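Letters A, B, C, D, E and F mark the chains in the order given here, with residues in each chain numbered from 1 onward.
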Amino acid sequence: MTTNDLLTVIVTIVLGPLVGGFLFGVDRRLTARLQGRYGPPLAQPFYDFLKLWSKSRIVVNQSQMMYVYGYLAFTITALCLMALRQDLLIIIFVLAFGGISLIMGAFSVKSPYSNFGAQREILQMVAYEPILMLAAVAIYLKTGSFMVSDIFSKLQQPLLFSLPLIFVALLIILTIKMRKSPFDISASTHAHQEIVRGIYTEYSGPYLALIELTHWYELLLVLGIIGLFWATSIWAAAAIALAAFLLEIVVDNIEARMTWSWMIKFVWSTGITLSVVNIAVLYLLR
Amino acid sequence: MSRQTVVPFGPQHPVLPEPIQLKLTLEDERIVGALPAFGYCHRGVEKAGEINEYAQNVFLVERICGICSFIHALCYCQGIEQIMGVEVPSRAKYLRVIWSELHRIHSHLLWIGLLADAFGFESLFMQTWRYREKVMDVLEKTCGSRVIISTCTIGGVRRDISEENLSEILSTLKEVQGHLDQIAHVIEKDYTVRKRCIGVGMLPREQALAFGAVGPTMRGSGIAQDLRMTGYAAYGDLNFEPVVETGCDSYARALVRVRECYQSIDLVRQAIDRMPAGDLAVKVRGNPNGEVVFRVEQPRGELIYYIKGNGTKNLERLRVRTPTYANAATLLTMLPGMTLADVPVIALSIDPCFSCTER
Amino acid sequence: MIDNERAVTPQELVDEVKKLCDGGYRFCTATCLDQGDDFEIIYHLDKDLTMQNLRMVFPKEAEVPSITGVYLAAFLIENEMKEMFGANIAGIAVDYGGRLLVTEETLQTPMLKSVQVTSLAVSPNGGAQ
Amino acid sequence: MEPSAQLVAVATLLPLLAGLICYFLRSSAIRSLTVIVTTVALIAVSLLLLQNGPFEYSPPPVAGLEWNTLITVADMALLVVFLALGLYLRNTLITVLALAQAAIMGYFEFVMGAHVEVKPALFVDELSIIMALVISIVGSLICVYALQYMKDHEHHIQLEGGTRQPRFFFWLVVFLGAMNALVFANNLLWVYFFWEITTLCSFMLIRHDLTKESIANATRALWMNSLGGVAFAAGIVLMYERAHTLSLKELILAGAQPEMVLLPLSLLVFAGFTKAAQMPFQSWLLGAMVAPTPVSALLHSSTMVKAGVYLVVRLAPAYVGTNLSTIVALAGAFTFLLTAVLAISQSNAKRVLAYSTISNLGLIIACAGLNTPLAISAAIMLIVFHAISKALLFLCTGVIEHKIGSRDIEDMEGLISRQPALALITVVGILTMLLPPFAVLISKWAAIEASVRMPAITLFFIVGSAATVVFWVKWVGKLLGAPSGVGRRGGTSLESLYATPLVLLVGMAVVLSAVVAPVVNAIVEHAVMPYYKTAGITAVGVDLSTGVGFITVWPLFLVLMLVVTPAYFFVRVKAEQVRPAYMCGENTAAGPTVQFRTLQDRTEAIVTSGYYFEKALGEKRLNVWANPVAIALLVALVGVVLR
Amino acid sequence: MPWFLPGVLGNLFGGPATRLYPFQKREPFENARGQIELDRDNCNYCGACSKRCPTSAINVDRTNKVFYFEPFRCIICEACIEICPRNGIKLLSNHRSPEYTKETLIFRAEDGEKAAAASDCQ
Amino acid sequence: MGLINTARMKSPWILHYDCGSCNGCDIEILACLTPLYDVERFGIVNVGNPKHADVLVVTGPANRRNQRVLRNLYDQMPEPKAVIAVGTCACSGGVFHNCYNVMGGVDKVVPVNVYVPGCAAKPEAIIDGVVKALALFAPANGKEAAK
């Protein structure tokens, strides 16, 4: 690890939440406007975070909080790996570790709603993991490597041109990861749901604050993956990620929440088909 | 080893606006058993109705529920009027119709919003409630308050609607109708909405009869029955047909309510059109003696009041059977076999109101 | 006296209700009244907006049959009558055991005329009401 | 005799000796002592073998008899045993299959009159050493565990009459010897002999309890493996006829074999499939779980099924780049995916583990089919790390079953508060199967990166991995789901004969993951190099590189430490911070039982269960088409090379 | 699928419909039922309103001429206004503001124009 | 502490519980969330889970079965927290004062910080009530919120 790498890691850890939190603020405000409301201030996520952080700690049992640390730590790790331009598959695996840690946390309390949330989160994971990995495979087919660094160094043309279908599939994944309708299945950000807050039900106060924080990092990471599709310059990448982000917010507001069975069917049929077709075309044209 | 899950759904639950518990037994997320536990809203209104003076009861019954408040008062007043043989001025009758129908519109719009919230369509919820506020404004303007409008009294009504306000009602309704078109369009066309409602919570016609369903729940199963056809208040003078859908599922019930909004708008227009001038109320003297069963159509269906007076200022018995009381039983047949995600949709599809039910 | 009313005995009740059910009637509700030594239950049924009422009078301690065998939908009201009046209705399909609406801490069988309810509103000037 | 040869002799013959001691000296103390001594010896021997490195050796004749002759005679005797078993069990299939094998071998010996002299008789390369390590370390730890387990077990099932343990340990220990011999042998005939011995051992062990079910399942295992035996025998005959050699070494060092030889190869691979319980043969391994848990652990981790994949991986260089290879990859990947999905609908822990084993074996076989240096490295890594974690999990399940009287995952709810240590080990065991930075996942990563040359296979891998997450995480969740409150409750301490193997295995699983780079460097690279010229996965310092991807393991471990250490050791919760779980407001006070108030104000217990998707993913639903597809793949396996 | 797209975009570009209460206050409607107030000039402490009040929010001590009013019990039903023979009670259209404590307002005849005394309600 | 107090005042998450009300006040609370009143302007979110809530908004007169639920919900909320009783019912029992199953105001069950009168309480009044309650989160501005 060089000093440069270390610097990247530190910058990612420090700046990540600022950018992520701001994006969440934009999300809240824009959503409100799309609904004809005035909406909260842009800094609302930071207020929420601080408030949650300052609340008294209540728990259900004594091991519950450990998993939140895991969720946070591994999500940050995944984001850092991304910033260090490491192996895409490893990034996906590490991100999954974060997610599984949260699931274990939800399971670790005997609570019906958190149990539902955890089960559904597993299903969500099952839905999106393959697509993420297929995207990695498709990128491999273009760059000959799984390294993010090679996307930046080896390509003349944005990935979007050769992987348009994969990109669409990733947009579906982005909806799941951002917990937006129609896929806010295991827990939605603020909307009401049959499973209450699902996987977050039993976390409160500072632990919930950490979960919010993790979301900020996580959002950046998935947007980062989206950004890879126009990685000719960092600004182009940011622009396409932002566009995708805004698109998700609009989609969230024009769809009802679907059920997990529909989600799996849809993501697997549509998402995997899109990916497979794209990969097949690439493979045959190679 | 059991692979079942047994959980309480309610009384406090974000998708349930009211406290009711469903004890759900699930396999994976498929419901195999559902039993409702009541009593979280029970106050004891029927007994209080025997303690209060019969005239005070108007204020009590309109607070049985804040969503269908006016029609409760209407039913009670008409019942007492029938026992006492009071003839109500005809302007009062028309005003009663107007407020009833405005109440129905606000109740149905409210419900559409809640349904949207139940399947996570937040913006549709916001949109519906945004336009519902127009109706609320009209109510506040004409009655002085928004939800418990408290304008019905024994012998007539307590407030008048000026010509100016009548025309404002018309223009507001026109605007609301335009927005309703948009909302109805989304409900009719949107894939996700249809997917979440069609085939969810089936209640075939025979079942609807056997379980005693009423109101839109019953009309969504293809039974054309609407208490307004009996012609209480001024309904006898107005033209309308019960709204019927034959889908027998949550979607059909949603469509019934959407179409009833249009119907109500139309009824208000007709009533304003034909409204005679005249007194608002007649003075009522004496105490009721005798019994009556009176029925009116609430937004949720048939409301039954059984009133028995004994010649004193206190009633002998006041019994209220609200539409949800009848519809609640259908949950027992609609829930099993569906999934957890459908629970809010199915529960809402009967438009439950437990403060009415438990009184 | 209300419209379309007929008296039934507890023994005939289920048969009568069954007949109406077969005739296409929908069960609306039932009303229980405390008449001193007797209970009076009026069953309200409806067909095409006309109501048919069955009035049944029976001594308070007598056991009467449930009609949930015919109309399952009657389980709520029967439970309620059992709970609120202490009417002895046997064989309700879903029996809440007298705990449908009220809890142990509430007044029991509150709808009986003999049970008195006092207002919670205590007048500030020492009860000059 | 050179030192390595002595080691081989100990590794193969000591178990036989120990088995005989166990069988004839029926005292439990002697048995325990024997098993423990054997364990220590085997572990030492295997480590020494590792230190000495590869070698070749042909044992001198004993008492004037060639080893070849000895083994041929023993082989024939074994077939007679099978025949007798078939008759005794009144199972025509077994009888016929035994007859078929006898006929083929008889044809080979007498009609073809082949007298094969294979030099060297023992061919011990890095792969053999790795296998020996797995067998000797993991396998013997299971035997130690079995000492305690069988005591509890016989108590548990209230065995009448004398103990049947001598018999049990005889087969158990002999199994290890046979496996060791199998991986050292160079002559296919020898391999075949030891192959059949493992079949016999497993049959004996599966039916050990002599219940109706165990006998039936043992019989199924026997006929399915006999089918593999027939294929093996036929493969040998054809191999000799077409390639004129039965030396593994020659076969694999020569690179891809001419097309003619692919048929015998495919038959051998077919035999490997039966032993590795690949679909459609999965039922024998699923049935095998009726046996006492140590048997399952042994069958699933270090012996039996590993013999199957060993053969497939071993022969891989001989069919590299052929259609056969593609079909092997497809069949393996298919089994990987389908059994992972099938595991989702299971709540019986041993069945979940069994499906997971089959699934992982499928992955290994698919890697063999991919047949690149990277894929083979991944396969070898999987063999090792899967064995450790899977043995651990079976052993845990066994203990859990004895502690709570059930092996159903739903019953294991909240084990973390009932048996904290045990639950923790189980959870770690599962996580080592599932998550980075643990080695099984690192291997899987390598496998996926290897598979990209055949994206179709990648698709199977990816979807299968997703399915894997479902059943593991569900299980972990059950173990962890503790009621509200603070302070550890209950939990008896573990008997040392349970604790030692468990702790050693979990330690190995974690430590080997942490040092995976040096491990790869020390053995895996060398196991691949000779046959493929390049190393596949390589260690770059503390990092691993697949050529197309790169991972540094230590930062992940660092993060893991950062999470677990403070949370586990420093954060203490006070009682006043505890609130009951959310139950829509109808919760009762926090405490060991989780209840809510419901109808009639009664309290009732919350019941939470995992999702099993029985209707959509149950065995009934999937097997209907999955088995035919698997059979079709098998037909293709032999079919593509028929000429 | 995007049937609601025009709706949300209309909202976005049409600007929010929000009334910025409490920064901008809307005039209450005429005759809105905001709160009731005793008009001391007209009241003669006859107690008719107290008898009619469905919530017992009004208590009148006729002998001492004291009028007790519990605003947190009142449902603004106007029954007292309708029954009062002397127009003793007025309806105000602005709502009563929320408080940290529930207080009973006490109007004594002898206090004349002085503001009502308040006492903590039990 | 300044920043924290600001954050607390700017991010009150509410839990709405209907404790046997007539729905009149409930729909007015819901109306507060909708475009015309949009209390999210103040950072208010209706979370529907006591563990995430700062402010408990209760309607209804509290009946005997419901009171234990209310108590449970209150206990599950982390400190600092506030309770707002919305509507005459929640303040005192209101029109249900002579109903046998009514406790008469939620302050019989949990400590109430702010009483919002009205039947039904108007959205404006509810907003006023929330603003009053928020003052409690900054101890300098009002009474100590955490009791």
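One rule holds in what follows: a contact is a pair of C-beta atoms (placed from the backbone, for glycine too) under 8 Å apart; a residue touches a chain by one contact, two chains touch by 3 or more.
All values derive from a computational prediction rather than experimental measurement.
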Most central chain, judged by mean C-alpha position against the global CA mean: A
Chain-chain pair with the highest tally of contacting C-beta pairs: A-D
Of all other chains, the one whose Cα centre sits farthest from chain A: C
CA centroid of chain A to CA centroid of chain F, Å: 34
Approximate Å spacing (C-alpha centroids) for the pair chain A, chain B: 43
Cα-centroid distance, chain B relative to chain F, in whole angstrom: 26
Whole-Å gap between the CA centroids of chain E and chain F: 20
Overlap residues in chain D, where contacts from two or more other chains coincide: 579-580, 582-586, 597, 599-601, 606, 608, 610-611
Multi-chain contact sites of chain F, meaning residues that touch two or more partners: 17, 34-36, 38, 41, 46-51, 65, 69, 73, 76, 92-95, 97-102, 119, 122
Set of chain E residues in contact with two or more other chains: 1, 3-4, 7-8, 11, 16-18, 20, 54-56, 70, 73, 75-77, 121
Contacting residues of chain F [partner chain E, same complex]: 35-38, 41, 84, 88, 91-95, 97, 107, 113-119, 121-125, 127-129, 131-132, 142-143
In the complex, chain B residues that touch chain E: 52, 55-56, 59-60, 63, 123-124, 127, 130, 140-141, 144-145, 148, 150, 158-159, 182, 185-186, 189-192
Partner chain F, residues of chain A touching it in the complex: 28, 32, 35-41, 44, 46-52, 54-58, 190, 192, 196-197, 200-205, 208
Residues of chain B that touch chain F when the two form their complex: 11-15, 17-19, 39-45, 47-48, 51-52, 59-60, 63-67, 69, 110, 113, 125-127, 129-130, 133, 136, 145-148, 353, 355
Chain E residues within the chain F interface of the complex: 16-22, 25, 35, 54-56, 70-77, 95-102, 121
